[in-house]
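We call the chains A, B, C and D, going by the order they appear; numbering starts again at 1 in every chain.
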Amino acid sequence: MITGFWYPRTAGGRSSLIPAPPWHYSGDLLTIEYRTDPARVRELLPEPLDLAPEDPGAVALIWADWQSCSASGEELLDPVRAQYKEAFAVVRCSYRGRTYSRCVYIWVDKDFAVARGIHQGYPKKLGSIHLTRPHPYGPAPRIEAGARFGATLAAADRRLAQAVVTLTEPAGNNGFVNAHPMAHHRWLPSIDKGGGLALDELIESGAAAAEGGTPWRGVADLELFEAPTEELARLEIREPIGAYYRQVGVVWDGGTLLEAKERS
Amino acid sequence: MITGFWYPRTAGGRSSLIPAPPWHYSGDLLTIEYRTDPARVRELLPEPLDLAPEDPGAVALIWADWQSCSASGEELLDPVRAQYKEAFAVVRCSYRGRTYSRCVYIWVDKDFAVARGIHQGYPKKLGSIHLTRPHPYGPAPRIEAGARFGATLAAADRRLAQAVVTLTEPAGNNGFVNAHPMAHHRWLPSIDKGGGLALDELIESGAAAAEGGTPWRGVADLELFEAPTEELARLEIREPIGAYYRQVGVVWDGGTLLEAKERS
Amino acid sequence: MITGFWYPRTAGGRSSLIPAPPWHYSGDLLTIEYRTDPARVRELLPEPLDLAPEDPGAVALIWADWQSCSASGEELLDPVRAQYKEAFAVVRCSYRGRTYSRCVYIWVDKDFAVARGIHQGYPKKLGSIHLTRPHPYGPAPRIEAGARFGATLAAADRRLAQAVVTLTEPAGNNGFVNAHPMAHHRWLPSIDKGGGLALDELIESGAAAAEGGTPWRGVADLELFEAPTEELARLEIREPIGAYYRQVGVVWDGGTLLEAKERS
Amino acid sequence: MITGFWYPRTAGGRSSLIPAPPWHYSGDLLTIEYRTDPARVRELLPEPLDLAPEDPGAVALIWADWQSCSASGEELLDPVRAQYKEAFAVVRCSYRGRTYSRCVYIWVDKDFAVARGIHQGYPKKLGSIHLTRPHPYGPAPRIEAGARFGATLAAADRRLAQAVVTLTEPAGNNGFVNAHPMAHHRWLPSIDKGGGLALDELIESGAAAAEGGTPWRGVADLELFEAPTEELARLEIREPIGAYYRQVGVVWDGGTLLEAKERS
């Protein structure tokens, strides 16, 4: 009798890289929204997804500094198993008349975050992600007008993005691009050479619970860089929308299958 | 039209963390074989797999130092994308009267290796893996009688295994535990909470082509260590079998679906 | 004309791994104090230092999660250059009738922190350091009674120390072992084989300015582990003293030479 | 009685990050030589050094993949303590009528290599260094005509240099820029703010013994990239000289003090 939420599955289940949901998160989110050419968004949306009807070229590039754990919370006390950072690009799309958010690129710095992402349909790679943290003393910023936060992303020893956000005022929300349920594909190629996809699911997922502090609005200076194995910079910056900083607590507890294609 | 072998899939396909097979490998393999309690092997074998009929408690713990690439070979020229190390535990099992090898634990140090492993049904985690390399000059060992190779494995900041192997003589092979086709499960949990498995495949896979130097036999001093999130040390060392060192070139080009269960 | 505070020194000075002081820090400190055999402290004190007259076996093991920068603050906006973590062991000693603190072991996770440490006489190695961070939302702890913080230290792929601290109540200070000016040696061996020390200074140093929040007292569960190249575990835990958590801002701006020996 | 070659110094000496010399090395060297503006070399040479009389603008950019150990060789069996990679830039200079080599920038990926470098006067930072390794099987190159080796350098999440070298033919040597004894400065700033240098030595050092395979000549495609905290790209490529690949064994066993300035 083999148990465990995912690999490696064993009799005891203790080895599984990730525990069964719910997964609990504490973290800081730096969000930068801008408009790109909608055609660049469209080319990332597989059937049956289409562009969102309003502001179809909107992109959110988000840095997050997380501590996460299972229901037991034990990972928080061995923090190498709880702490990770990520940077990800989100667009919006339309499915059966409803608008969804969709993560098109994401980099994280821990294996458990990669594994959770594959379960959730996030296209995860490893990267090196850094984000200024607020602090009540010394030179690091408080969360207040004029505070400046830096954020950087690198993968395969190349810098892919960097930003500086200066906070200006409290805001009513944390941006609109990543504010919908996620519509993600869970894909796995067939093990047979040239055999198409063994798994091809469109799923919906979102937070089961969320809390957070006052969002802050800011202005962003964002740069994207080319790299041979990345296409993030194709989502070129045509027009800034805004920037946001918010501290949040989130629970994720599964999603819903929207549709699945048969093994192709 | 979305392309790319796996995540992230894009219009151009350039972002995919892994290219389509074939995958080509150059590497050094340090293999340590020993016998554990067959019940500890049995508890890692899900239905319909059973213990191998002969020597059912045999285990191979293998360290590998790889350079890998796609058919184009371009990754070799940007070696952060080609080089990785891994350590993995292999047992044997029986399926429909045939003996297979099966990887039950594996740690690698690059994301592309994690992704390839998920495709192939290897239960990959990230780890820190080190293996002495042979060298023709200076203090590092040549591949010859008396040469000593160290090998270590750590994950989540804990050492899980360490070994020293002393070569004694050329050998006819590189061990028997990892010498069969692999019988692996490709699993993905359902996105619905408590929903069982969305993908549950038993697949067979092996090298499409292989070459290599003379294997060397040796004697091993191997230690396994306990860790809260690992069960490798349950495969306790009851009786040493042997140790082997070999340099190889391998091509992997897909596998075969043995059976698939319906979405549960 | 070569400029720059330290290596690499160039015409422009821009390459220097560390800027000239002052250095500014924002960070969180988890301090665990206990008593060991005073003989184990004594054996770490070179002449002319001696044991502190009171409580000579007291040890502080401290985890710190820092953001640091030069006077310009620019590193905070490229946080890979500002953020680092460290774990260090502090004892006390006596010099010319005055009690000093002295760091006997320290591990950090960035090169600029290594370089600053060599300037300040800290015996720095690289390590992997993790410390639970307080957070206002989600499962991570607030700074309050009952909050639990985990802390771990590893180097060379071996775990060296781990602790869980549970906060109990506000406290008047952050411990006494690390509360004095530091008495450190700045050593560099002679380049000539067997030539003794080219630099052998005893220096005093401490914060030029400091601010911080209310310290919290707690109880600690601390474990130290053996490793072939470490002697931290020789400072064995005989009797717990206490544990503390505090958020601070600090400025360091140089020290004072107490005495220097001639090239030996 | 405190012992140990360098920090941390203890009664037992076992903790020292580096053992006393001799230090033994096995490794692979990829050397790319080119000419830059001699003024860019001159500005990196402090008094009393001057430009080399012949070919004063010659630069060698060298990647090395090392296994190193103390006289006991024990580090080779715990290879996390022996293996490291480095990339470094070497120029030549003149001192009292003799030509020396001088490392002006260097990045390594292990702390023991940083510490050895500070002893030897190398201006070490941490970096991420990758170099294609030759291998007798599979897609990695043999050391032969047409073989291609990639080499990359990054620090602080930015790529600083990358190269591809194609081997053409055996050569009589491994280049001329790094072929002299090294003339390095060992500096340490005074602990007193604004106090000048506490240590200011000019030392000479070189291999105590060396062996190696046939050097190979090749052609290089080299790129240098700008970064806010690096000046490597100021050594701009005006004219290629050549490229070389060689496997070597080296022993380092101390150097000689050329001159020392008094504490300033």
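Keep this in mind: contacts are C-beta pairs under 8 Å (C-beta built on N, C-alpha and C of every residue); 3 or more make two chains touch, one makes a residue touch a chain.
The shown structure was predicted, so the numbers you read here are calculated from the model rather than taken from an experiment.
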item	value
Labels of chains that are neighbours to subunit A and to subunit C	B, D
Counterpart interface for C-D, drawn from B-D, A-B or A-C and sharing over half of its contact pairs	A-B
Most distant chain from subunit D by Cα centroid	A
Rotation in the CA alignment of subunit A with subunit B, degrees, nearest 5	180
Distance from the mean Cα position of subunit B to that of subunit A, given in whole angstrom	30
Approximate Å spacing (C-alpha centroids) for the pair subunit B, subunit D	35
Averaged-CA centre spacing for the pair subunit C and subunit B, given as whole angstrom	40
Contacts with two or more other chains, residues of subunit B listed in rising order	78, 80, 128, 130, 152, 157
Category of the chain touch graph - line, ring, star, complete, other	complete
Sites on subunit B touched by subunit D in the complex	24-27, 67-69, 73, 76-80, 82-83, 128, 130-133, 135-141, 148-152, 162, 164, 211-213, 247-250
Subunit B residues touching subunit A - in the complex, by the definition given at the top	2, 5-12, 14-15, 17, 21, 43-46, 78, 80-81, 104-106, 110-111, 114, 118-126, 156-157, 185-195, 198-199, 201, 203, 205, 228-231, 253-257, 260, 263
Residues of subunit C that touch subunit B when the two form their complex	128, 130, 152, 154, 157-159
